[in-house]
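See the structures that follow.
Each of the next two complexes has chain A plus one other chain: chain B in the first, chain C in the second.
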Partner chain A sequence: MHNFDFVKPASVAEAVKALSADGAQALSGGQTLMPTMKQRLAAPTMLVSLTGIAEMKGVKVDGRTLTIGAATTHATVAKEAAAYPALANLAGGIGDPAVRNRGTIGGSLANNDPSACYPSAVLASGATVVTSKREIAADDYFQGMFSTALEEGEFITAVRFPIPDRAAYAKFDQPASRFALAGAFVARFAGGVRVAITGASEGGVFRWAEAEAALSSNYSADAIKGLSLDPSGMIGDLHGTQAYRANLARVMVQRAVAAS
Partner chain B sequence: MTKVAMTVNGKAVSGEVEGRTLLSAFLREGQGLTGTHVGCDTSQCGACVVHVDGKAVKSCTVFAADVAGSSVKTIEGMANADGSLGVIQQAFQDHHGLQCGFCTPGMVMSSAALLAENPKPSEQEIREYLEGNICRCTGYHNIVKAVLAASGQDANAIAAE
Partner chain C sequence: MPKDHGIGASTKRREDVRFLTGKGVYTDDMRVYGQTYAVFVRSQVAHGRIKSINTGNAAAMPGVLAVFTGEDFKDVGGNPAGWLIKSRNGEAMREPKRPVLAHSKVRHVGDAYAAVIAETYAQAKDAAQQLADDTEIEELPAIVDMAAALGNTSNRVHDEIPDNQCYDWGWIEDNRAAVDAAIKAAPHVTTLELVNNRLVPNAMEPRASIGEYFPGTGDYKLTTTSQNPHLTRLLVAAFVLGIPENKLTVVAPDVGGGFGSKIYHYGEEALVLAAAKKLCRPVRWTAERSESFLSDAHGRDHVTKIELASDLEGNFIAFRTETMANVGAYLSNFATVTPTFLHGTLMAGPYKVPHVYVNVKTVFTNTAPVDAYRGAGRPEATYSLERVVDKMCRELNLDPFEVRRKNFITTDMFPYTTPVALAYDTGNYHATLDKVMEMADVAGFEKRRAESAKRGKLRGMGLSTWIEACGIAPSHLVGILGARVGLYDAATVRVNATGNISVMVGAHSHGQGHETVFPQIVASKLGVPESSVEIVHGDTSKIPFGMGSYGSRSLAVCGVAMDKALDKIVAKGKKIAAHMLEASEDDITFEDGRFSVAGTDKAKTFGEIAFSAYVPHNYPLETLEPGLEETAFYDPANFTYPAGAYICEAEVDAETGKVDILAFYCADDFGNIMNPMIVEGQVHGGVGQGIGQALVENTYYDSNGQLLTGSYMDYAMPRATDVPFYTVDYSCQTPCTHNPLGVKGCGEAGAIGSPPAVVNAVIDALQRGGHTHVTHIDMPVSPSRVWSAING
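Right, the complex of A and B next:
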């Protein structure tokens, strides 16, 4: 890995300043960025660690809203997001315990891996991504595989989730990486049901409108039995063909509905 | 180069590091604590697991500078004060939980983190907790038995495979 300067600010304001420098990049848990740097696919000249910023850590509940600091680890969310059990459960199923002790929600959302777990929860919940500059609605935040609405020097400080009446995440693990081969997050609110699929599409996480409509009028696994996703936009690789992933995604939605 | 200080196995240590110095390298090359093994160097195998402030982490995927000021525990800190094997280490020996021993430091550190959180884990809980620790020799069964035994449970209760 190429060398770089390392800084660890104690506040968001200091981090904003540090990240405005040319070649500076945010470091959170490092569980994705460090392997990437070892492969020299990223070579920042300065890393700005966000893990020393107290105001970016922790889980807070206010009525039916759950706010998670961007530098909060998966392990902490698993333990402390009891007010939103489907989300706590998702966090507790990411990778393995050592990855969960370092990896953070902010890092996962900034990276927007097409097989990552958190993007589906954020999109299905209709959460708000709070950054160092503004607030971004989930529907505007995800812009395709590894691509987000974040601008140069902008970083996530927190994520605000409205807590649904019922919700669940169902993930079919790719056994070697433990990422989702396909995963579905289903969230039911008074105003309707939102469904987000991860792991399956070439375009990254997406909402499945037909399933949302069917489940909003009849919230049962059977309601989407006859629906199917178009395999043409799906990921096809040695782990599963496009048709396999399209089918698996529907099965995961059914399992999530049954579990919620 | 910057100077970092931390506590390792109860002892205050410090050293000069580059930004890119990994915690695994700081421990092995800086402190001579070569019990922490580097298997994959890509956060997949778990051979390098140590505890940082009581939590299991993969030391190949943590920068030394990022954990300055922390308390780190490595496999060298797992023996009893008189140098005899600690409970988990002894259980690995008794139940033949290792062959080549390469994965063992990480297995022991992950097991210790599990038992600190959950003193009487079930077989299933042990298997899930050790998901990020890969062993290429023993096939896990005896490792699970060792962890059951270390937690004071009947290791023979699990079916032979």
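Right, the complex of A and C next:
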């Protein structure tokens, strides 16, 4: 690890200022950033911790809307997002206790790892990503593996989830990392069903339109039995072939529907 | 009633108190006055020619004290292979020099070609990066695949070895024609091609070394993560650096696991010593986890074709094995014996098969060195045998339990010499098979399977009956087979003046529990409390010349040496007692810690005798030396042959390919048991490692020789949720006939017997579930592989 400066602002405004400096980078739970720095793959000259900003922490429910501060840990979401059980379950299944007690939803969404869990929840819920500058609809936010709509110096302050009528997340662990080898988040709203798949695609998290259509007219695991994803866009690696990932994604959708 | 003391008691592990409270002292915990830090510069490419290394910039960086390259070690010795293996044609194996730092060529990703020493770790790290940037390496095509490497004369790992082959070994070559003929004439031949997957040892504590040099005396000290400090001293002093052995002390303090990977001497150890001498300052190094992945000796990595010839009733006629074994880029110390004498000699298993022949071609590739890893050769043998037997049973529609039963060597046949030259002294394979079938409720399996089917899961049961040769090893025999060391062990029992006891042992405990078990034996033998006995190990300046711990040898070899030293203590005590009690030595008996004159009430306690030995006021000084300290060396007469039977019950989710292990039963014969709790712990750990190999672990190099599983993000380790609660039994005991403790060794058993049980269970589940085209899946039987096999 290289040397760096460290600041811990107490408000979003201060953080905005600190992050405008050259070489400054946001630090949240550090579960992704610190290992990268230890391996000397990243060398920010200043880390701006977001975990001291009270307005960026905590879980709030307002009618059918759940808002989570970006610096809220997975453990806190697992404990406090009872109004959205599928989301609480997802948070409780991320990594291990150490990761859950440090890692945050903002860090996860900013990183947009193609195998991360939260992106599927955000996309399937049609959530809104609130940043230091603006509000971004989930459908516009994710832009492929490790890539998002966030601009230089912009950071996430909160995520606003509409709470669906029924929802569930089904995850199949990659045997080593225990990230999602494929994960499916299914959310049913009055206006229809949204299905997001993580872990499987070369393009990162995505919505599976055919499954959404099938489930919107018949919300049952059987409704998607005959559907299949095109393996050609899937991730193929030592943990699973493309065909396997395509299959697994469908099975996870079925299991999420059954569990919701 | 369970024993609470001495041999056979489940005494709690005394070392765990310090391990579990963070008070263990490992190499990296030690702070040495004036210490400096070494960082190694490692190759990023699998194969390349070093064109130039410009050390100037790195050397001038802040805090940098020295820079070393392969050039600095060009003229010192190489790290030798411990066994000379001969090819079938009588030629000696090819033995390329293994330098301290790579010189002129780099041969695997992670091959260290330079090292930087600096005042701080961060400074050394910065300079190492600079040095890497200032090095020009011409990348050569990587040699990764063994089949492609063999006979590839244009692309060579070592320029002087034209076909990348170390040796082509046959066992036993004279039997080859008879085996071929038997297979040709046999009514049925089952053939199986399989891969025994390469594993990274993943000891919890990464390798670490501290080199010190004392200019006043010219002495050196190496503190290092070793399973065998004397062997390391011999290698680094006599073979590599040319330091007189008596000028080097090697200390292996608390060591956090080894599994074989810390048997060997590595170049980092030589470097820190050489650097310490040059700087006259201590030099330390601790591997980062990613360095461990790249540079620890890996395990297994065989590609095998095995044939089993039988009659139609399943009576075995012959086994024939052809194996390619990967040794990686250099010969690690036991790399040449592991796929040969630790593998080929086990290829008869527990069976009375008349014909066995094994051919092993060992291949150099641009990958990390491969060497012995928990079980070492014996897991490979067991896996091949137990998988092919399972396949034969399916092909001939025979019951796997019955087939084992009818082929087992029977108790009246011992001692039994196999066609691959081992002499099994004793055993009872039917007993462990009966036991495990009872434990696993084999009769009730069908009902359990139907219950699984109701939940949409495929259930299977897998059997493995295993044998190993351990208690390594009779020196005379291994000498004939090419070993360059003896494999005795040694112990010194020092009874102190106040009656408590220090035992200096050549064995090294890196998690096994010697500090608990060895005192149990002393306590039983001398009638003293276990708590009055301390075990000293891991320091060449304190212990007798022993060979360390591996191959399940600590108790069966070093423990026996200690037992013999204890005999000498008792014999001397009798002499002292005879003098003090004014009786004839022949009339003295020793029992429960008391020396008595037979038939009288005259007696002296052990403590009184010890005191008299050190305060010899009333002592036969004319005929007997004072003091009560004895050393014994023990060279075993034969290997020991633990054996057992394992049953795994597993469920497969056909939709995802995921395997769940529901139950695992072990019936083992380890001979006499010194501490049942520790035996169970060893079996649990071994089976856990075997399940890891069978289900999740894999070391994957791509075609460029890049390690794709170089961190825990991609290298899967078994976790608590991957393993079931084990059911372990060791009540079937046929004590070893050639050592006085009757012990056989239990450290590797679990890792040897379990992988085929798991894979057999998975294949059984698929077959019973109607996927009859699936006759084999290579390890690890990962979800993707299982699903692909079902849908392939």
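We adopt the following convention: the second predicted complex is superposed on the first by the 260 of 260 C-alpha atoms of A that agree within 3 Å, B and C clash if a C-alpha of one lies under 4 Å from a C-alpha of the other, contacts with A are read in each partner's own complex, and residues count from 1 in each chain.
The working rule: a contact is a pair of C-beta atoms (placed from the backbone, for glycine too) under 8 Å apart; a residue touches a chain by one contact, two chains touch by 3 or more.
Keep in mind that this is a model prediction, so the values were computed, not measured.
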Open item on the list: With both complexes overlaid on chain A, does A:H239 touch chain B (first), chain C (second), both or neither?
Closed with: second
Open item on the list: In the superposed model, which partner reaches more residues of chain A, chain B or chain C?
Closed with: B
Open item on the list: Tell me the contact category for A:A54 with respect to chain B and chain C: first, second, both or neither.
Closed with: neither
TODO: State whether A:A75 touches chain B only (first), chain C only (second), both chains, or neither.
DONE: first
Open item on the list: By the touch definition at the top of the document, which applies to A:A10: first (chain B), second (chain C), both, or neither?
Closed with: neither
- [ ] For A:M34, select first, second, both or neither according to whether it touches chain B, chain C, the two together, or no partner.
- [x] first
- [ ] Return first, second, both or neither, reflecting whether A:G95 touches chain B, chain C, both chains, or no partner chain.
- [x] first
Task: Those residues of chain A which chain B touches in one complex and chain C touches in the other - done: 1, 3
Open item on the list: Applying the document's contact rule, which stretches of chain C touch chain A when the two form their complex?
Closed with: 122, 125, 129, 290, 655-658, 695-696, 698, 700, 708-709, 712-717, 780, 782-784, 787-788, 791
Task: Contact footprint of chain C on chain A as seen in their complex - done: 1, 3, 39-40, 172, 175-177, 181, 238-241, 243-244, 247-248, 251
Task: Of chain B, residues touching chain A in the complex - done: 2, 18-20, 41-43, 46, 49, 52, 55-58, 61-63, 65-66, 110, 113-114, 129, 131-133
- [ ] Spell out the residues on chain A that touch chain B in their complex, using ranges where they run on.
- [x] 1-6, 8, 27, 30-31, 34-35, 37-38, 47, 49, 51, 75, 95-99, 101-102, 178
